[in-house]
Amino acid sequence: MNPLDRRSFLNKLTVGAAAAASGSAAYFAGPRPIQAAYKPKGNIPDKPFKTGHITFLTGPANLLGEPGRKGHLMAAEEINAEGGLLGRRKIETILADEAAGTDANVKELRRMKLSENIDLFTGIVSSGNTPALGPVAEELGVLTLFNDGCTDFLFDKAVPKPKYVFRVTNIQSADGITSAVGAAKAWPHAKRVASLQPDYSYGRNVHEHFMLAYQKLVPGATSVSEAWPKLGTTDFTPHITKLISDKPDILICGVWGGDYVAFYKQALRYGLFDKMKVATTLAFGGQPHAIGKDHPEGVLAGAHANYFFTFPGKGRWPINDSFVERYYKRWNEYPSFEADGAYTSLYLLKAAVEKANALVGGWPDDDAIITMLEGMGIDAPSGYTYIRPDNHQGYKDAVIGMTKNDPKYEFPIWDPESIITIPIRDITAPPNWPKPGQGHNESTAAANWLKTTWLT
Amino acid sequence: MDTLIIQTLNSIFYAAVLFLIAAGLSLIYGVMRIVNLAHGTFYALGAFVSAWAVGAVFGASSTGGLALIGQLLILPIGALAIAAVGAVIEPTLLRPLYGRPEEYILLVTFGLLMILDDVMKLVFGGTPLSAGSIMDGMGSIRIGGLLYPAYNLIVIAIGIISAVGLWAFIYRSRFGVILRATSQDRRMASALGINVGRIYVQAFAIGCFMAGLGGAVVVPAQAAVLGMGVDALILAFVVIVIGGLGSLEGALVGALIVSFVRTAGIQFFPEIELAVLYLIAAVVLLIRPTGLFGRA
Amino acid sequence: MSQISRSAPSIPMLLAIGIPIIIALGFLPRFIGLYQTELLIYGFTFAIAALGFNLLLGYTGLLSFGHSAYFGMGAYTVAFIVRDLHVQSMELCILGGVLASLVISAIFGYVCVRHTRIFFSILALALSQVLWSLAFKFFWITGGTDGIRVPRNRITLVGGLFDFTGSGAYQRFVYSYYYYVLVIFLIAVVIMWIIVHSPFGKALQAIRDNEVRAGFVGVPVQRFRWLAFVISGTFTGLAGALWVPLNGLTTPDILYWPFSGEIVFMTVLGGFRNFAGPIIGAISFNYLKVYAVAGSQYWQLVLGSVLVVLVMLMPTGIVGTLGRIARMLRRG
Amino acid sequence: MALLQTIELKRYFGETRAVDHVNLSIEEGEFISLVGPNGAGKTSLINVISALLEVESGQILFRGEDITRTTRTERVRAGIARSFQLVNVFDDLTTFDNVALAIFSREGKTTHLAKLAHLDHAVTEEADTVLSQFGLAAKRNDNARDLSQGERKLLDVALAYALKPKLLFLDEPTSGVSTRDKGQIMDTIASVVRGEGITAVIVEHDMDVVFKYSDRIVVMAQGTPDEIRNNEQVAMTLLGSADTSAFARKD
């Protein structure tokens, strides 16, 4: 890892659509062809391949859960149209509602494995749930590709040595840091920071990692106001008034899903956006059309450091072009990062199964699939996604942009001129960085890495 | 100073909504000695019905003064719908249980809570519904250097009108006299020729109407989401425990206490904002078991 | 089993019924497999909670809508002991959980038993919500809504005789924990059975039937209610303690008031006017909920309808209704 | 020393003088009838002495000790028991358990929660004896709810009797029972109570009963009792004679 200092780090970051293409030349050197059909080796059973998918089917978090479900189903339909995995095993999906609560999700995962005998578990939006479900998946020995539920706690604390559990979308610390970098780049003099976070692990993580990174990027930045509404809050007005009264320069907001929609609409009527800059981690995390045209422009709109469907722009990354097109055709809406995550998860599995089959023939056992998944890279709609072998976490270059209205769409999109791509290696703890309890007591490995080495 | 005014308005807004819910709960308890665990769900249902009705009639994006007035007029449909639901539920599900220990009614309303939660999911889908166009249509007013949504003032007004109206209704109208007589002694009222069955169904429907009205007025400002009922019920409980079961004044004072404490909590001590509310309720019950305004 | 307080129980007859059931339960895991075994353990833990709860509802006539507090107290205490004190012995964990729930039910109960009827129910509910909001808000201590994980590999049973690390740990855990919980469950049943058939138990029933007269035969009504509350809370706390390692984590959900409602539901489902009702009810409820959640997105609709129908048409619950049918058949 | 003495005992309900500065003395071993028109305060007086109602002012001395501020349970422990005009038993307990509970309570055994009630043979036997004395042995295993009105009245008294009190108040033990059964019930009660040498105060309207069983008759009117032995006076009182001055306060 090459040591960075603050100034050169911020300067070398590429901004804008054109810059993005050249800056990420390593990944986008040329459009890669979609994989040619694979010819399986050996005898493949035609038993259906059962997947369990738990995501938010109801409630405010449904804005994230719904695209995940659709991405998953679309990938399954596509794969099944070619005969299934290895041309023989059709993917079947059992759905359950994440809104039933953590305990119910734990029970349901057990039932899916022990009673329904699923081959793969996927889904999960909430950061509160992956640390609960990860250990259960490990003890059940069920191959698991979490789409999201991005908290660092999963692989830092809950499952420090994963075998069966993988996670595809970016890790939370990268998410918080990405917003910090985006904010520092856009508003280098915003020193008084307010924070509005959902009161659970995601919000706590966002607050901590954002502040750690932001204080390094904007010397003298301090936290002047904190508000911790409960997840599922509908009335943000006292929080909004409090935030305004503390006169911050910038607000970092980790509120997401339906909660974010409620928040921004109420904030608008209280004039919050006129009083401070606003950086978010997940404003663009849900279904794109859930955000109305009334959303202010110039807000830093996070997409979990992952993906927004207008980037990479048309013609720059054919995989995305065709994904957006097919998704729109299938569901009559545009995909979100959850759609990309869930979709990519199944294609990751497909790639791993095929690679393992090429080596050993027949239907590969879980161990073989896991070996292939570790260290695997895939060209996803969102770009190149890499599964790091040491912690089974998916990594990809982080992206974020500013909101802007575009007459072509019924909702705001990222201003192409504002999009920042941050090489993931610059904002995440390197492999085998000590986890909490291994010589430090920070809440996450990333927090320790940020404090000790980042931009020093 | 501006902040103080806005936070005070926020609190009164919240108190107005809480009052509508709690007053309905308290009224039903006062007349029928029923604690309705589904009451919060009625509030949520009112919100969904109103949001749906506004959306269905005007579409998502209609603007203009006439549309705004139309939307405002449609809004109370949620309240009426819930009153109708209440008028059906009381005679069918609750009346058969009046002779039995009160646990049974509590349980039936708990079952009702679960059923209605899923009925909402089934009918309105899992995603939040909003009638935000009303809110947007009315804009914000300026208070000092700050903005405050004009619609919220309407909600505050509705809260005040409801409180006064309900008070006049119960203490000044003939029906109110009958209602109070029935609540004090059911058998005596019956002996005096009052049709207790009809009084009960009316009282229950009025209580439900209040809950539905709470949901209807809140939906332009916030949104109708699943699960809002359970949270609302527990806060309404806190309100009537503080104010006194069955007391209208109690519901009003309780709602104000709860919402001001909540706002203060968010502003000054966010960590224990929730616990403080329940502790206040517990302390009030310890010192004045029947609440601030309750009678034994 | 007979209705509460009919003729004196015949111990040989109970043994004649009980021993075959116990033997059958002992062999059951061989036939039903891992998953069903695990579900049954959940059923047993809930049964202990419902048994404790019913000492208040069925025997003392007090409907607590706040028993989630004691279940949660037991559960969270175990989680704290494992996480912060690094204790592995499940026996010590149980001891801690039971003591903590005893203390908290003694405090809450002292407040609650000054009231009866609906006031009692609501006060119990309000107090339970204090614990919920603390667990919910103090993220860095309680994990907020994430809860606290209690990894199985950090638990040992019977003074370290059984541990659960290495391969196949999960299977070993389920099968050993089944017998562990079964034994504790049986002990809890026997203890509760003795309590309700003791002079103290009779006094509680007298309070339930007629608190004024109970006072006039010299029963200290308030103090006995309090005692019943403490015993009830402690049983429920024991259930919470046993539930944690099974569930693998504890979250504020088990402190939130709808969970109290579920405990009431279980008890009424089985029938609260009988000793065995809550046991049958808890085990049935667990199956009902698991399969309703698995079978339908609208599982609440299913559960709610069952509850409403139950209250309207079968107020004596499963056991009471079966008893009535049996009596009708006998009569011809 | 009187077994029970009240000094200026007072309890009003608003304007109604239910118990109006009563000075009453009951000697050990007496069987007293308390008579008077409806609303004269007979039941209120019993309620105050047995701690169902709070004392407003005045004193109650029991065996010379001031028990005015003691609780219901403490008075029961001291030896004051009562039955009720409207049957007040444990409906969902068996007849046997009703009586057994009273005995357990008397013996201080209700705090035993690790012993099976039905295995305490001393109590079981005594309870069965009491049931036979009151003619309820056949209904031993029936729930109190399922007994006839007369049987329930007997059970109500049996509950109080089983406490083996020094002083027993019987509030209209035969009210609501057919005339035919009345005599039988009273015979049972009188023989059992007298047999044990229990001091008893009985509220009764039926003059035949009053004259047949009482050692002494106390007439109450408007919250004030007076003691009389003259049948005419009793009759006059009960017919509502205006001349209550005849029964002015004893002091």
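Labels for the chains are A, B, C and D, by order of writing; each one numbers its residues from 1.
Following the convention adopted for this analysis, contacts are C-beta pairs under 8 Å (C-beta built on N, C-alpha and C of every residue); 3 or more make two chains touch, one makes a residue touch a chain.
Quantities reported herein were computed from a predicted structural model and do not represent experimental measurements.
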| item | value |
| --- | --- |
| Any chain that touches subunit C and subunit B | A |
| Closest chain to the centre of mass proxy, which here is the mean CA position | C |
| Chain pair showing more contacts of the two, C-D and A-C | C-D |
| CA centroid of subunit C to CA centroid of subunit D, Å | 43 |
| Distance between chain centroids, defined by C-alpha means - subunit B, subunit D (Å) | 51 |
| Interchain centroid distance [CA atoms averaged], subunit A/subunit C, Å | 40 |
| Distance between chain centroids, defined by C-alpha means - subunit A, subunit D (Å) | 79 |
| Sequence positions of subunit B contacting 2 or more other chains | 121, 271 |
| Contacts with 2+ other chains: residues of subunit C | 136-137, 297, 299 |
| All pairs of touching chains, each written as two labels joined by a dash | A-B, A-C, B-C, C-D |
| Complex interface listing, subunit C residues touching subunit D | 4-9, 194-195, 197-203, 205-206, 208-210, 212-221, 224, 231 |
| Subunit B contact footprint on subunit A (complex, rising order) | 56-60, 62-63, 66, 99, 226-228, 232, 234-235, 237-239, 241-242, 244-245, 258, 261-262, 265-266, 269-271, 294 |
| Residues of subunit C that touch subunit A when the two form their complex | 33-35, 38, 42, 136-137, 139, 143-147, 149, 151-152, 169-170, 247-249, 251, 253-254, 290, 293-294, 297, 299 |
| Residues of subunit C defined as touching subunit B within the complex | 57, 63, 65, 111, 114-115, 117-119, 121-123, 125-127, 129-130, 133-134, 136-138, 257-258, 261, 264-265, 268, 297-301, 303-308, 311-312, 315 |
| Complex interface listing, subunit B residues touching subunit A | 2-3, 6-7, 10-11, 13-14, 121, 126-128, 130, 132, 135-136, 139-140, 146-149, 152, 218, 221-223, 225-228, 231, 262-263, 266-267, 270-271 |
